[in-house]
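Chain lettering (A, B and C) follows the sequence in which the chains are written, and residue indices restart at 1 in each chain.
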Amino acid sequence: MYEIRIHSRGGQGGVTAARLLALAAFRDGKHATACPFYGAERRGAPVVSFVRIDDRPIRVYSQIRSPDLVVVLDTSVMETVDVLQGLKEDGKVLINATHGVDLGDYKTYNIDLTGIALREKLVIAGSPILNTPVLGALAKMGIVSVESVTSAISEMFSDERNVHAAKAAFQELVI
Amino acid sequence: MTEIPKEEYILKCTSACAGCSSSLILRYVLKAAGADTVLVIPACCTSVIQGIYPNTAMNVPIYNVAFAAAAACASGMSEAFLKAGKKTNVIVYAGDGGTVDIGIQALSGAFERNTNFLYICYDNEAYGNTGMQRSGSTPTGARTTTTPGGKMRIKKDLAGIVAAHNPPYLATACSAYPKDLFSKVRKALSIEGPKFIHVLAPCPPGWRYPSERTIDVGKLAVKSGMWILYEREFGKVTINGPSRAAMIKPIPIEDYLSVQGRFKGITSEATDILKSQAEKAAKRLKLEEEGIC
Amino acid sequence: MLTIATGNKAVAAAVKEIKPDVVAAYPITPQTEIVEQIAEYVASGELDSRYIPVESEHSAMAACIGASVTGARSFTATSSHGLFYMHEMVNWAAGARLPIVMANVNRALGPGWNVWAEHTDSLQERDTGWLQVYVSTVQEAYDATLMAFRIAEHQDVLLPVMINLDGFTLSHIMQSLETVDPGDFVPPIQLPYAIDPANPAGYGTLTGPNDYFRFRWDMERSMRDSVHVIKETEEDFGRRFGRSYGFTEDYLCEDAEVVVISMGTLGKEAEVAIDLLRKEGVAAGAMRLRWLRPFPNLDLSGRDVVVIDRDYSFGFGGIIANSLKAKFGVEPFSVIAGLGGQEVTYDDIASFVRERRTGEEYWFGVNDDV
């Protein structure tokens, strides 16, 4: 089982990112679950979502304690939240950032999702949409296939800019 | 001109959305009411905004209560304080859903019994805490998650319903006019009996506008006549300044509707209903102010 | 069609297939997406139902009752406080012998306000005459909703059915879902005594002490008859759609020396605990209780029983543990866990089994220092 924890702020689409990821994994023929953890969430409050991907049916509902991958859509949550908590020794981190963030021993991938969203004009009510481009980055990391990412995004969103942004992120992420 | 006290009763780190009208409203309500106050809060955004155990973001006692029960609970509290000779302000602070829908029975009962308390309804015109479903207070044409094509029915006339109970004081207010709100709360609390203040509370995620425009949107509501600021003191109507000006020279209603995503694609039919409701309300209030009806 | 959906969306999707005539809707976390999704189906024309956005849950159930007694198929959804606000009418619906179907998303009770999973809400309604089923996966939520209408409307039942799903843990999790075209799986509703001005009758009239008890017995008789209706419905469902259920879902129970009994998502996660325990050489099994009413006949002889109650009856004990004790004479290790969404993992469940003490009660997370 591969476990992913996604950190974001309410209103940034972190929950949708988790659902898109689960849908993409599902289209890859895997079993997948996605669940947000709800605190007293309001727009702007830190939000955590969990995604599990496995070849066999997933019967676990409790929170992910030792993720294989941590995704941080908004680095500002790191001021109040320990995003690395429980991360496996060989775990990876994917961060939405313009320059490299150093997280010590963990293999960290940086990608400017915000920049990609802005360039693709993927902005709603003043906020850049991060949940579709991040799927492209996850595909580059081999978590899901690009084909399934495209299909999942198209299933959920009619606006083509979402697919463009995901493809741009796929191109941009350096492994 | 009353000085607004500097003391804050809402502390930092509430869970409010950026641009939240309710937090702005409550800030001024508490400044006007002072420390000897209890807030009775039914299920609504403020249930969550006040923070999560073990913290509270307010510097007055808050009694959280079930959705339908606020005015009834406040009745009990008010009677108990009366018996004990205490002068503590009992203020219900509730959203529109908890007032005009599920809370209306308790509200009516408390007012009919002449309960000594202040009921403040902050109206963001939907069930905000559960993600913006329509309420009886949602205006015609507004999209909510349960009226995806725009609400067909009219907005309940909450102030009219309360006015039918003949309270000693009833007023409307708006988060964009905090000084006006402050003085109304002060005035209300100086009167014995059941008082009601209906406050328009523009809501960025619900009404779908950028968070920094909350004050703008509130002003547009008043200037277009879609929201009228007035007081009804022992039955006598006084229309307040900004609305008096709006009645002479209103800005087009479309200016108010067009900045809100919830009115996107509103039909001309629905817009006409909104216009005619606003016009009728203004006409009636003017006549009442002149003492004609 | 194979897709991925949340528990709430799955319930709404099943409701769409069953085409209720009337849906009463009132929002409450964590159920709200059910009534929102149905609103979208109605607005888009995918579902031709009369949608009533009522002003409270008491009115939601009252509206369902009014619709149902005319012979219309009706549905609503609620949680916790909403369920309790309609409590009087929940009782009324069963007494009125109306085949109303309601989804209840299990949530804890305030004060303090808590929106997370707990079973006390629906368990407090266990005496009302409603049938109750507890589901543990998105697929099961969908399937159980389809079956609920058929069971409720069966002429041998004519009692309302409540489908229970854990708040957030199941209502908001996305899992795979296969939607089906039910075809004629649920026949058209036929209420034998629907309101008909051509055949006027008084409904629910004043009923004296010499007669009232007969109506209560009639409810119980139908509750007993519902056992065979549930069996047949689930068997037919299995034949048509390939998925079988039962009064319980048993995992490795046949040779089990200790059985963990629970409901909802904990019942599913318990299977992972069982796998861990089996690796350690413990002959453990998990029995997930699905139907709470009618209460199933279980054979618990000859093994230890660990019960996880995601509920409590103050001054008495865990409701499931004590139900089993009363019905079958077992002395369970009664674990009280998961209240208000308290995190309970498969590791925790495994430790309940390893550390079990027959006949004792254990409040998970509470120790002598508290």
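Here, a residue touches a chain if its C-beta (ideal position, glycine included) is under 8 Å from a C-beta of that chain, and two chains touch if they have at least 3 such contacts.
Quick caveat, the model's predicted, so the values are computed rather than measured.
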Innermost chain, taking as reference the mean of every protein Cα atom displayed: C
More contacts between chains, A-B or B-C: B-C
Distance from chain C to chain A - Cα centre to Cα centre, in angstrom: 34
Chain A and chain B: spacing of chain centres that average the CA atoms, whole Å: 39
Two or more partner chains touched - positions in chain B: 48
Residues of chain A whose C-beta touches two or more other chains: none
Residue ranges of chain A in contact with chain C within the complex: 18-19, 22-23, 26, 31-36, 38, 58-63, 65
Chain B contact footprint on chain C (complex, rising order): 25-29, 32, 35-36, 39-40, 43-44, 53, 55-57, 81, 85, 110-113
Chain A to chain B touching residues, read off their complex: 11, 39-45, 125-126
Of all residues in chain B, those that touch chain A in their complex: 15-18, 48-49, 51-52, 204-205, 208-211, 261
Residues on chain C engaged by chain A in the complex (per definition of touch): 4, 30, 115-116, 166, 168-170, 172-176, 265-266, 268-269, 271-272, 343-346
